[in-house]
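My questions will all concern the structure given below.
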């Protein structure tokens, strides 16, 4: 690694931190303009520096490998030590750019969106704080530092979800998010302990270096599997996968920009990032990968079904986020990390866009979130409408929108990868269909048909205060500009993936696995890489371990095209269905839902998962702590026994006291008795 | 024919007796109706003089032989041991005298005999610590006992006082008879009443008679030091007797009696008493503490506590593997116990008020607010009784137990430490009441008079000195322990 | 020719009688008398022993014991009088104000 | 002034300055203002003096520094040579005690500040007790003579009990007595053990005894060792408090005055863990090892149990008290993991807990001054009327939850990794603590600060005054610095701990050994083998 | 031989007196029986050659002390002692204890005497002169100390018995 030029990566996270600090400490006194200025300035600067750094990095020779910067030791115990140090490589670069870029746009958006909210400075300092932690997460060069960001973003999201803390629901959501994440972090922690125990370090370079000498754990599970699974737990927490996804929908209590930034674009994808980052470990544990894939599939389809039934616009998006994250996990699960990251990126664009759009809608209809009371907004807010349509096309996977490329890549990999399986593919397609269905449902319900909202709408649930009149209205340009930019990105964002350029770009980060039966591939990784470089346009997957013969690749091309076709078909049919139900035959949905009855309500109520958790875990736990541990053991057993001991002593002492009858003759009696004992004993002693 | 040396050897006793007589005379010529503070001052002077004399005695050579007139034919022996106890008892009596000025006036007792009796009693105690002959020992014991019998009954119009006096007297003389019988048996066993001779003849093997004698003497002395199972009289007597006198008899005669016990058990090669003392110690500690737990009357509570402390002190006796250590531990304990207990009773007597109305634990509620100084001082004494560091009580306990452990008396030590933990509770109760409760009934508190202040000061200084810099006293004790052993 | 032990046993018996008197008699004065009896018993053994050892110190001891007894008697009776004044009784069982 | 001149006296000075101040205070007229200011002055001077210690502390050195060793009491003793039998005035500090002393001197001035207004009645007594307590606490941490140690150990008891009993509220007497008796009863066993050691080694000197025991010359040690260990252990376990012995803590905390709670949680509990570390491990390594399993189990029970019980407390202070049980459980766990990391973390966690929990108690006290209750249900929505207060509370909550870049995290992480190394399952069980702590602290925070104001009175609550903010700022900052730059502390802690570890593990100290199988590979290598260039 | 007879006679009287001391219910009778005991003891002393002691036994004890007793009894005109329900402890523990202790002592004194030689009718070595020499020579200190004792006794008696103010 060459340390010739330092890119001062530390600036990138620290600038937002500075912004956060300034706003946090002195923001109370500032006018809103200044606050906004500061927030934008610092995030913008950080974005700028990120771009600069990225360019510098790309300028470096490809052999250079990751660009490392070591600042200071952080903590040390014996021989074990951790440092403050950043690492810039292809993967973190992508993340960095997404975070700073999308983050900046969302900052801009929020300036207008939050115009009328209380605690303006608080909001922006939190938002900047989030940027800081997120960037630390992605730039860290060791797991502990990543964990810092990991927990930090959790904190930020806690604060932002609970931003409207006057609402109990918001406060609850924030707490729920933090604690659920903590459950995940617990797994992450243990994973780190295992790493320490077995590699004596948390530095990526050292760990992966050490790992690269280990064979894959094809036979049974070993340390690496354990580590991988535990990391997966962490990832599930952050990225809202089954079973820890429950916090994300509630997180929608936060202001919409927050949902866009944290709960769609960036934070929730941290899990995917971590898995991709740890690919050397995951790749060596097929079983772990399988688990990842399965969880991904389940989450994807599960969330999608819920998404279909929701009527709260933000919740629909929330569930779609969950399901898209499932997609990314699926990708990682089939060892197609680059595909996962690719989808991560595109998803960041269009999902952010969707949320911002939704926010704009909500803003426009003065705080209403229920789609059943919207409709026909097309004519009131065209910009919002069309940008959102673009995003929808993207997420639904219509070519040539961004989503298409990434999603198609995932589907293909899930089918063809060494770890793939047709079942995965099938689920993927099904999900794709549902996705496009509920997304268009959203579009139709919101923008088409008649406006169903009451004109003089009472002010919004979260105290959102619009400009008095009830009629929907387009949002100010400061909110629209980001929409437009993101829309553009949602269109062209995917093109970088054409011909596996993206995957190829990431390949330095993805470590090849040397499994016993794969010695061949291992031996000529160079060859593969080279061929990949030349045969770029064939869209030939590189992580696919199947042998590299010409006719094989030709046959594969056919296969891939067919599959592609099917997925496109799925997208279109989703659109069709949505159109059929929500434009053509508006009465149908009710009927169907009625006919489905129980099933429908179950799904509508998100399968009662929250209720089940509440009843199965939380309530028993609280009851246990209260009734058994505290009142039972603490008060009932320990204190009681101590007190009874004391009482016993008192009783004994009363007994002693009773001997003081006050009668002289009794006393003499005692003395005589005592004397007798002494005498007898001594006589015995004397005559022995 | 009697050399001057001989008189020097009993100089403190002489001085005390002279002052006693002076006090009697003055009392006779004084007017019935004015209080006897002046006499108190005179006797205080006497004690100081006696103290000086005692210190002077350190220059004497500790000679002992039965033909030498200079030691009254071996009747007494002036050495570190006797000097140690002389100092202790004289200081005790001095403190008690000082605290009595105020007490007598509040109880309006106008008998100069009070002071005279204390003076003469001190003579007895002094002799107890230096007598080398059992008959003289017996007389000395009787002197100190009889004077305390009388003093205990000094609040003549109070039924409790006379009753306690009676109980003390009857049971006391009962016990004395045992002791005397023991003396007779020793005499019979060895043909002499001189400690030295007895020691010599018991050196190699003792006849059963000697065992019997020791047993009877232990009974008698055990009673005097209020060790279980002969402790039973203590609470009643202490409750009834006038507070300052309780302060006196719970420390002075007791210390002297311990001196005698040491003399008898260690000075005469007495055989076979180990387990008796062991059991006495364990019993005293346990019964004393348990009894004190539920007491409402402070004097009674302190009485039980004094039983417990006698137990701790006896623990030191059982450290026979390293006798000098054990003996010195016992001596040190006696001294520090005297310091703290006299102090405690000084406050009790000050606080008791006319007719000893306020002697209940609850009367002490809120004392910390009403007179912070008094409360603080009492707290120091109580902490010392509990055995909290920087107080003499702590170091004494510490030293005793370390001596015991040096002789591998783990069992006894465990009993001891557990007891000291139990004991903490009832002393703490008082502290808690003083500081953490508001007063219930309006209980008057007089300003602290000069005499009392002096007595308290003595107590506090002694307690802290023994707690923080016990070194010199310890070394003195060790030295005297060495001379005690035959 | 009387063996020493006879005297001693006699003294022991008298002593025990004294103790017994303390235990069973109700009248304070009588109790006090039994204490005197105990002292007498002790004296007897003193004398016996000094006869046995052919030394006079035993006699001296007896002399002192008598003095002590006298002193005790004086004080003791005075105490008894004082008690009688406050209590109007000589029954020891009734003198139990202080207890527990 | 030249530092070296000071070295022989500095410890004595730091230790007894507060006591001297208290003595002076005793003769003050009862004018609260002067008394307060004087107490503050004394405590601050002490703090400044104590800062001399880390300043001139020879980092990286494991031995005791600033040692003072004077004969104090010569206990005559036939069985041993006179020299060995003296009770010494032996002070000295290593990296472990250093920071505990600083913690003490750091906490006291703020305790004075926080009691500025709240103590109106008998403030003279209050500050005297406070200063005396400071002396005793410092003494505990730096005395290297067992007698001296016990001396100070017991000396902390009275002032604390009185502080609780005189200036507390509610069932203060019950609490005070309970506190006193629990600790008293426990510590007499330690006394017995100390006496045994003296009786058989003829010395009270920690180092001497340690060497004597290690040499194995001490007669009958093998049989007594287990009992001695337990004797010490019980005393410390009650102070810590470890799981079954903990019930005195909540009562003591709830009823204690704010300053009392701060020092109780901040320092007194550390005396227990410090004792475990210094004496239980230092004197009885074998027993420590053989007893570790059940002690660690107790610690883990304490962690989880304390957290769960804390979760359901209706009373703010009780909640924090139980959280202390949980936190101290971590410390004990770390200590008995016998790993460098674990013990490093334990020591660090002691300081953390002092900072964060101390501050939390201060905050609770501030609230109490305004509303005279700790009942959580009395509050709610406080973030609106008192935002600054809410912010401080949040920061310290996070530090106690163990958020990275806050002090709490460093300690917990090291402890857990240490525990994990020694026994994986313990590490895992204990790690659940991170979930619980988040649960109860955030729930508390939500119930107190979020939502709309439920009780009218709370609308008018004034936010933190300048004095209060002055008292809290240092804690928040310290929490942050300790999280970001732990090395400032670790550099002096690490060597001292290393020595402890070495002592307790018969073979050379076990640290995080890097397996020989995986030599650290330069990154370029493993990347290039992928790219193939 | 004579010695033996005399011993038996006086011993019997002695025992009888002691027993009657216990048996009598009126203090006066008890006092009288105590006097009997003392007198017979005096004679036993004579048998053992302790003339001086025998004499003062009569003078001091029977003479002074018992008179004092009788005087007090009269003063307080103590009647027949009423049979109050005595203390259980004295009977349950005291009496058995007494019996056991007495038994042990008796056994020791009867059978464990070092050289259980018999005492001849000794010469007059216990004469007043010898006693006097001893008393004012070797036992001078105790003798002087007794003066303090007596002084205390007087004072105590005065203080306690004096009519209250």
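Chains here go by letter, A, B, C, D and E, matching the order in which they are written, and residues are numbered from 1 within each.
The criterion applied here is as follows: contacts are C-beta pairs under 8 Å (C-beta built on N, C-alpha and C of every residue); 3 or more make two chains touch, one makes a residue touch a chain.
These figures come from a predicted structure and were not determined experimentally.
A.B. asks: Along the graph of touching chains, what's the shortest path length in steps from chain A to chain E?
C.D. replies: 1
A.B. asks: If you check the contacts of chain B and chain C, which chains show up for both?
C.D. replies: Looking at chain C and chain B together, the chains touching each of them are A, E.
A.B. asks: Using CA atoms only, can you tell me which chain is the most central one in this structure?
C.D. replies: Chain nearest the overall C-alpha centroid, as shown: D.
A.B. asks: Out of C-E and A-C, which chain pair has the most contact pairs?
C.D. replies: C-E
A.B. asks: With chain centres defined as mean CA positions, report which chain is farthest from chain B.
C.D. replies: Ranked by distance of C-alpha centres from chain B, the top chain is A.
A.B. asks: Farthest from chain C in C-alpha centre terms, which chain would that be?
C.D. replies: A
A.B. asks: Distance-wise, how many Å sit between the C-alpha centres of chain A and chain B, to the nearest whole number?
C.D. replies: A distance of 80 Å separates the two centres.
A.B. asks: What is the distance, in whole Å, between the centres of chain B and chain D, each centre taken as the mean of its C-alpha atoms?
C.D. replies: Once rounded, the distance between the two centres reads 44 Å.
A.B. asks: Distance-wise, how many Å sit between the C-alpha centres of chain C and chain D, to the nearest whole number?
C.D. replies: So the centre of chain C lies 66 Å away from the centre of chain D.
A.B. asks: Between chain D and chain E, what distance separates the C-alpha centroids? Give it in angstrom.
C.D. replies: That gives a centre separation of 72 Å.
A.B. asks: For chain B, jot down the residues that touch at least 2 other chains.
C.D. replies: Touching at least two other chains: 135, 139, 142, 146, 149-150, 153, 156-157, 165-167, 170, 174, 207-209, 212, 235-236.
A.B. asks: Please list all residues of chain D that touch 2 or more other chains.
C.D. replies: Residue numbers touching two or more other chains: none in chain D.
A.B. asks: Going by the contact rule already set, what residues in chain C reach two or more other chains?
C.D. replies: In chain C, residues 8, 15, 18-19, 22-24, 31-32, 48, 50, 52, 57, 60, 64, 67-68, 71-72, 75, 79-80, 82, 85, 92-93, 95-99 touch at least two other chains, as defined above.
A.B. asks: Could you list each pair of chains that touch, in label order?
C.D. replies: The complete list of chain pairs in contact reads A-B, A-C, A-D, A-E, B-C, B-D, B-E, C-E.
A.B. asks: Within their complex, state which residues of chain D touch chain A.
C.D. replies: 244, 247, 305, 308-309, 311-313, 339-341, 344-345, 381, 383-384, 398, 403-405, 409-410, 413-414, 416-418, 420-421, 424, 427-428, 431-432, 434-435, 438-439, 442-443, 446, 449-452, 484, 486-487, 490, 494, 498, 509, 511-515, 517-533
A.B. asks: Quick check: in the complex, which residue numbers of chain B touch chain E?
C.D. replies: 2, 10, 13, 17, 20-21, 24, 32, 66, 72-73, 75-76, 110-111, 113, 116-117, 120-121, 123-124, 127, 133, 135-136, 139-140, 142-143, 146-147, 149-150, 153-154, 156-157, 165, 189, 207-209, 212
A.B. asks: Under the definition above, what is the set of chain C residues touching chain A in their complex?
C.D. replies: Residues in contact with chain A: 19, 22-24, 31, 92-93, 95-100.
A.B. asks: Touching residues of chain C toward chain B in the complex: what are they?
C.D. replies: Its residues touching chain B are 8, 15, 18-19, 22, 28, 31-32, 35, 38-39, 41-42, 45-46, 48-50, 52-53, 55, 57-58, 60-61, 64-65, 67-68, 71-72, 75-76, 79-80, 82-83, 85-87, 92, 95-99.
A.B. asks: Which positions of chain B touch chain A when the two form their complex?
C.D. replies: 166-167, 170-171, 174-175, 178, 206-212, 214-216, 218-219, 222-223, 229-230, 232-233, 235-236, 271-273, 275-276, 287, 290-295, 422
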